[in-house]
Each structure stands twice: as C-alpha cells, then as structure tokens.
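Starting off with a structure, shown below.
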C-alpha cells in the first residue's frame, strides 16, 4: 500500500507550520506498508526543564507525539487532521539527547483515526509513549 | 487549608524553568481551600499552527495543561512533581486569543496525585481539557 | 434546554441492554440544562475483587463510567452512541458500598461528544473519575 | 529473565477473584523474556450490548484490558497491583466471538508500571487497545 503524501510533501507541511518548524521536526522515514512514520527532533534551549539540566520538559515531548501521530495518518489521507485527544506516558527522563518519534497507525476509520507513538532517545531507550485520536473527517488548519 | 508555596515562590519556579519561561506562563490566582491554581499564557508567534492562522497548535496547549496541573499539586506539596501521564481533549480551536488554565487537585495521595485542568480562551469558552497524574514521591528536576 | 429522551425512555434503554441490566443501573436524575445525568448501581457478588473483600473490581466501575457518559449524551441526542475511547482514574477503593455516577457533557460536537463522569460511594467520596469520547455520528447497537 | 509467578499460580489468582472468575478469564501463555501474557475470555450472555446482537458491551472489554495488564506486571512482581488509571480505545465491534488479550509490560518502575494490551477477536482482528498504569508499590486486595 502506498501513501497519499510523498516525503517531500510531508517536509513542506512540516516547514509550513510555524510551531512544527520551531520544533525542528525532520522526517526520517515513511513506510506505507507498515503505516509508519519516523521523525526526529533535536534538543533546543527553549525546551529545557530546569536551567542547566539538559532535560527535555514534557511539553515539547507531548507536542512531538501529537505531531508524529498526525503525520502517520496524514501520509495515508493526504492532509493533516485535527487532534481529538491523546494520552502521553513518560517512562524515563530525556537528558542531553535528541528524540526520535516512531508513529504507527492503529486504525484509519471513516470518522476517527488512532495512532501509537514511541519516543526514543539517542541510546534507543523509550522515554515516552503516546496514543492519539484524530478526526478523519476534518482538515487541520 | 493553606498552601506550601507562596505566590511569589511559584512565580520564581515558573521563571526558573527555561521552557515554562518560554511559555510566558503567569500565575493569576492560587486558592488553597479549593486546591486550585489559575495560570495565563499569551499567544506567541512560535505557537502558531498554520502560517497566518493565529491558531494555537495543540502542542503548547498540552504543555500548558501539564504545567498547570503540576503546579496545582506543587502548591500543596512545596515542589514540582514528575508527570506520570496525562490526557488532553481538544474541544474547539483556540484562535487569536490568550489562554487561561484552571487546574484543580482531584487527589493528593501518597504515591500519586491527580489534577484536572480546563483551558479557556479570552471569551471564556473551554478550548481544551486535561487530566494528569503525577508522582508525589518524586521531585521534578 | 430540554432533553431528547424522557426518563422513562432512558429506563427502557437501560433495561433493554443485557449487560446494563446485569449492572442493575438505575436512573436517579436527568438535568437537561446542566447536561447532567445521575445513575446508581448496587454492589453485586459477581463484581467483588478479592473473595470476602466487598471491594468493587475496577472493571465494573469502568463499565459504569462508560455507560453513564454515553447516556449523558444520549439524553441530548435521542440515542446511545459508540464509545471512541475513555480514561478512568481510580482515586480510592470502593468497599461495601453502592456507587453513584454523575455524568456531565463537556462537548456535543458534530462528530465527537465528550463526557466527564465522577463516581462516588455511599459516603459521597469520589472513588473514580472518567473521561470519555463518543461518536456523535453513529448509533450504538 | 524469568517470572515471579508460575502459570499455575496465575490461574489460582484468576480463579480466586469473584469478578475475574465471572469473566471466565483463562491464561493462554506467559513469556518472561518478552514480559508478555496472553489471556482468553469467552462471550457470555451477561456481556451482550443489545439483546440478540451477540456484540460485546465495551464494559467487559475494558475489564479484560485492566486485568490482563495487571497480570502482565503481576507475573514479574509476584502479586497483582492496584490500577492507577487506564485508557481504552475501541477500534471495531466485537460480535459473536471470544476475545484474546495480549498484554505487554512497557515499564516496570519503582513506583509505577505501564502495560499495553491488544484485544483481538477470533479472526485475529484488533477490536480494542488499552494502556494502563499500576502502582508497583502497592498490593491489590
């Protein structure tokens, strides 16, 4: 099964959103058969929790999950979708590392899509996991 | 019942975290009896979803929820806590508005604390709601 | 604002579902203005966690939350809805008590409805809280 | 890595809880290396959503998720644990089928454990997915 968006189109959408551009999200890979997308985000000074800690605040990790899940479905549907809700579980601190988000479509239904997202650090440890629901009838602005 | 942190101490903690300072979170009110805290965040250009849309991306809204819930418990316990997990439901778009988060402690247990957070726009409409769990045994870095 | 279902119609729907009838759910009150519904469930032997503990297993509490949230929206829309997802947080054990679920509609949108549910024991203590999303375009079988 | 509970001990715990015995949960397999447990539940008349529909109500599916996740951690820790919270997403209706729950430990921390649960029907289709958090410091009654 193919995807409705090419890698280049996804990169243009990522660059086109001021917030996602600020996250510096970059597309790593896209697999239509596995309905999976992989994205990467470097640390930046504004994301630090405590001063000098080099630890990611949970907020930008949650934003990474929301966005990666959205693009896993967007790759299939040809457009980004409004988020209905999501859950994030923090498994361990993310310190002095960039982050990689692997998002997989669990359901692509007529009204609702569901994606799972695992976030790993540079050593491959899972630092957070997310599960998100999107409105497949809608179009995110 | 009082709180373990004064408003001034909370403001210092908010200012001390690079990410929260970037969110420009400001303490509006603190009510120890109701176990409730109210915070305010202005829009900033980096949070915009689509270019020129003036719409908040869901990511910074999730970060606002996580942080407000944490400080509702921090006010009682005297320190911020590691987030275990949280859920956010987006109810309507937040466009051309600042945001106000009202966080209320639902449980303050020995190992786990739970907070509910409602986020409203400048017209008082609820744009998102969050529910978050924190480790009351730990200390966030 | 009124409701699309009368109390009698809700009671008939409750009685018509084999599982809900097994839960022995009873309608206590219905408030169209507050978009709120209150339901009551007695303990029954099959719901016990440990033998002789008189403690509710979390499973039937989750079922009570799912059902009460559904009927809060059903009262407005005239039919029960398929559940998209829900979260339940257990705040304290429910021991030797019946349970009361108060469900309130947080959003009644074109494709998605959201309800909050608080579950209290006979002393009025909150034992669990739920947040659930339903497909307002669908009809539950 | 081994497990702290044998298959026989798990079966005794399943049989010992009145609610779980009512669910007719049966252990299918236990894999300590993968931190995975598989359980099976047949349909029963009391779980039916609409009369004659042969469709599982979401309530017992949620109970199955909560219980399977708990036992995935119990197998490692030697005892069942109190549930802190969980989320269930319903992906498709479960009609005229038994259910199989595959639960996998995502984190086994000092205070909190996290498990993912996939529920499949007799054709192998995923009907629901769950994510649950348990208090690893506690003991479920």
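By written order: A, B, C and D. Residues from 1 in each chain.
Methods note: a contact is a pair of C-beta atoms (placed from the backbone, for glycine too) under 8 Å apart; a residue touches a chain by one contact, two chains touch by 3 or more.
Since we're looking at a predicted model, the values are computed, not measured.
Novice: On the document's contact criterion, could you list the chains that touch subunit B and likewise touch subunit C?
Specialist: Chains that touch both subunit B and subunit C, as defined above, are A, D.
Novice: Among the chains here, which has the CA centroid at the largest distance from subunit A's centroid?
Specialist: Of all the other chains, the one whose centre lies farthest from subunit A is C.
Novice: For subunit A versus subunit C, what separation do you get between their C-alpha means, in angstrom?
Specialist: From the centre of subunit A to the centre of subunit C is 33 Å.
Novice: Can you check how far apart subunit A and subunit B are, centre to centre, with Cα atoms defining each centre and the answer in Å?
Specialist: Whole-Å distance between the two chain centres: 22.
Novice: Residues of subunit B that contact two or more other chains, please.
Specialist: 84-85, 87, 89, 114, 133, in rising order.
Novice: Residue numbers of subunit A touching subunit B in their complex, please.
Specialist: Within the complex, subunit A touches subunit B at residues 16-20, 22-23, 45-51, 53, 55, 57-60, 62-64, 66-67, 82-90, 93, 140-141.
Novice: Taking the complex as given, what residues does subunit B use to touch subunit D?
Specialist: Residue positions touching the partner: 84-85, 87, 111-112, 114, 133, 135, 137-138.
Novice: What residues on subunit A touch subunit D, complex-wise?
Specialist: Per the stated touch rule, the residues are 87, 89, 91-92, 106-107, 109, 114, 116, 126, 129, 131, 133.
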